[in-house]
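First subunit A sits with subunit B, and in the next complex the same chain sits with subunit C.
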Partner chain A sequence: MSAPTIDHTLDEILNLAASHFKVSREKLTPDDDFFKTLGIDSLQALDLLTRLEHHFRIELPDYELQGVSDFRTLAGRIQARL
Partner chain B sequence: MNDFKGQTLSWKIVNGAIELALHRDPCNEIGSLTLDELEKFAEALPCLANEARALIIHSTQKAGFSAGADLRELFQRGQQVDRSAALRGVREFLERIHAVMNTIDAAPLTTIAAVHGVTFGGGFELALVCDIIVADRMARFCFPELRLGLIPGFGGIPRLKRDLGNAVVRDLLLTGRSFNVMKAQQIGLVSQIAAEGEALRVARATASQVGKFDKRTAAAAKAFVKPIPYEELKREIDIFCDLYSRPAVEEGLRRFVENEGVQPYLP
Partner chain C sequence: MLDLRQYASLGAALSAALERWPNETCLIEADRDREKVRLTYSDFKEMARPLTRALEDADFEAGDRAAIIMTNQSKWLISAYSIFFCGGVLVPLDYKLSAAEHLQLLAHSGSRFLVVEYYLWRAITQSPQFANFSVGIVLVTEAPAGADLRGALRWEEFKRKGEPKFVARQREDTACIVYSSGTGGRPKGCVLTHDSYLEQCTSLTAWYPFWPGMRYLSILPTNHAIDFMVGFIGPFTCGACVVHLRTLRPEFVRDAFVRYRISYVSLVPMVLKNLERGLRAKFDELKPARRWMLERMVALNKSLTRKRPRVKLSRRLLPQVHKAFGGELRALIVGGAFTDPSTLQFFYDLGIPVTCGYGLTEACTAVTLNDLKPFRADTVGKPLPGTEVRVLNPDSDGIGEVAVRSRAVMSHYLDDPEQTALTIVEGWLLTGDQGRLEAHGHLQLVGRKKNMIVTAGGKNVDKEDIEAEFDGLPVKEFCVFAANYLWPQKTLGNESAVLVARLEQNQQLDDRLRKEIVARNRRLPDFKRVAGYVVWEKDFPRTASLKIKRCDLATEIGTGATRESIAEI
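Here is the complex of A and B:
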């Protein structure tokens, strides 16, 4: 089975974030700063990371998220682990 | 004292199990007040153990089991006195909390940590003293101390070494990364995974099961398979204090305490 495309991964991240943090999916765009758009702090970001790890069945060390704050870069980090 | 309700924690006996609930805002940071109340618990434990078959430690805080040591208090106390007095205070704190941890570790009843969310640093170390860790699907574990120029100081390294392979310990300690419950189960740290919000229920079911067996036999089995690494625990305090005395640690603590950004818990 081939790996999903980066666009597909990005779409799944946006869907999951919108659903969990109860934000309209239409309001989220790939280049948003997710801390600001979702209104989350670092503990909630770790919660999001855990949900993404479970969803994609990957392990993504949090140091790979250092300095990452937009969905597109996050999708790239996840894609590299699929 | 079968029931206690303090400012940071409470305990009571429910269906033959002691339930120790952590409830300090925001995420059960372990400072001097929590230590005082943990010491009360350790003092009461021999009597409680006569009345119960198991101990469950859990948190009522939404964010998680515990974010670890109260770094704000550690930093602020260090600012109020000279370095040698600060160092003496840190050593005294560590010796006191080690005594509590060792008492729970050696308790003659089965101990269960029911963890969820953030289980970091000293909170992780508190879970590690328990015989069984039941983890919520959303639990996350971490030893972030190296980010501050320190090592875990509440007995974490010797207990992690006791329970896991050394290569895994090195990875977790030297990267300071957090890891999820699937990884925790894969490396042998977590024995049972509960659905989101169900860790306490699963821990209660486990406590009920262990309560079916002869208490003295269970205590003998526990003592046989779970040695307490007293010498390494003492060395950990020495290493922690040696590292703490460096100016780099004060700066690391200051950065954490004064960080008003959204990422203080990210590396």
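Here is the complex of A and C:
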């Protein structure tokens, strides 16, 4: 089975983030600063990472999130491990 | 515990600890739910020996500076021990800084040796500033086979056979250079002596002792002043065990409490808040009858622990809560930033002793700590033994700048006599924090005098750290302030930075400029970002040498505008 496209990955991340933090999906865009848009701290961002790991069935070390604050870059990090 | 009075240096004390408790476990390293390393004091010594011996062969000498940039793991402590054993000066750097910041601090500290994790080294070598890299020997841990290390060596292969010679140091010699903040323009490298650490360790363990068999969960970065002391020096000199987690995922942190039956853990307020959120969510899921019962038990526990903690009793009253923390927890130690008293009270009411302290890197680790006799959520505790605290120029409410004097206070800022002279005056460390000492000797903090923010994650952020990223912003002039410095409030918390921009004549704040501000802000690590900006209509006051008169400007803005004028980013 071929890996999903980056756009598909990004879309799934946005859907998951919206449902996990109970915000409207329409409010989230790929280049959003997720700390700001979701109103979360770095530990809550790690929580999101765990959800994403389960969803994509990958393991992401914490450091993959270091310096990442927008959904698009996060999608790139996940895509690289799919 | 070792009697630290008989040791002249950290190397001597740690070395004695390895001899004293050879069969006790000193270090456990876990990655998620997988245990990777478990070492006794004897194993630790065996692991450090070949590295120490190789350091000797590399002509590492007494007083040489060696930096560590790593997440919490066994190689951090083993490397630090080897550096101390060889008489070196440790420079623990925050692994969360950017590669450019790492390079700047490596140069500023004059480190000639570096131990670094592979993913961090990769970032450093890819930085445009890497061309100026001048550290002599670099050891990279956990590098994949075949990776191009750009001249660095593999930590795992840097070893020699034989018995290294211990290099004695004196109490007044420098043990560590610890950067408190200021990566942007003026790094503040706190020079701390062996005496500072040994003195501080004695004071802290007098109130919160460790002993063989007890376990400390190390989740704050070990480069942080708190974890370096409470997650390394303290437990090791008492024969206790440190548990390292390679992840900060809340679910694995919670799991580690149970798996390793943790006795102490140090947290910054952000982590404590996260634990509180998790517990509250669990309580909300309870059926009404069980919820009602829980609330009655909490109320009973609260009344029975008003004067002092009674951990065993609390464990019986609220067994499920205590089981979730492993059943052995003796204290949650909180520091590094302002902690919401309601969060402290929440944990204490559950029978989990939570001790709030106050410290700053310049004072080694801690200045005050709550001794829980009784618990106070509204203060940061009493001065530690051997520490004097004064409030300078108190107002009618007794509020003034907090000053500290003790042997634990740093000797100076590295290569910055001017800043040192402003910070240590007649032997007193001027903290820049405002507070009052109340009748029972507890310190209450009410604000900051200095233009600095401290995040809930315990990070100090100076204005220069942020301004460097806005250099070249197409406006006439700009400046960054802590919002609470412009508009003081007699409370801590909710700290944020604000960019103040003066536009060129006829310049408008258009979409392009706004986007540029947002883009530059995004390049900063999340904890350094400004919360918003203010457009200021007047030229900034300047000195004859054209430096911005920040105090005057702050007063102008503070009186001429309100917090509401901040445009959020």
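Keep in mind that, in the parts below, the second predicted complex is superposed on the first by the 82 of 82 C-alpha atoms of A that agree within 3 Å, B and C clash if a C-alpha of one lies under 4 Å from a C-alpha of the other, contacts with A are read in each partner's own complex, and residues count from 1 in each chain.
Here is the rule we use: contacts are C-beta pairs under 8 Å (C-beta built on N, C-alpha and C of every residue); 3 or more make two chains touch, one makes a residue touch a chain.
Bear in mind that the values here come from a model prediction, so they are computed numbers and not experimental data.
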Partner chain(s) touched by A:70 [first = subunit B, second = subunit C, both, neither]: second
Just checking: does A:16 make contact with subunit B only, subunit C only, both, or neither of them? Give me first, second, both or neither. neither
Just checking: does A:51 make contact with subunit B only, subunit C only, both, or neither of them? Give me first, second, both or neither. first
For A:6, select first, second, both or neither according to whether it touches subunit B, subunit C, the two together, or no partner. neither
First (subunit B), second (subunit C), both or neither touched by A:43: both
Footprint overlap on subunit A, comparing subunit B with subunit C: 35, 41-43, 46-47, 49-50, 61-63, 66
Subunit B residues within the subunit A interface of the complex: 27, 63-64, 67, 117-118, 137-138, 140, 142, 175-183, 262-267
Per the contact definition, I'd like the list of subunit A residues that touch subunit C in the complex. 33, 35-36, 41-44, 46-47, 49-50, 61-63, 66-67, 69-70
Residue set of subunit C touching subunit A in the complex reads 71, 96, 98, 119-120, 246-251, 270-271, 273-274, 456-457, 522, 525-527, 569
Subunit A residues touching subunit B in their complex are 35, 40-43, 45-47, 49-51, 53-54, 59, 61-63, 65-66
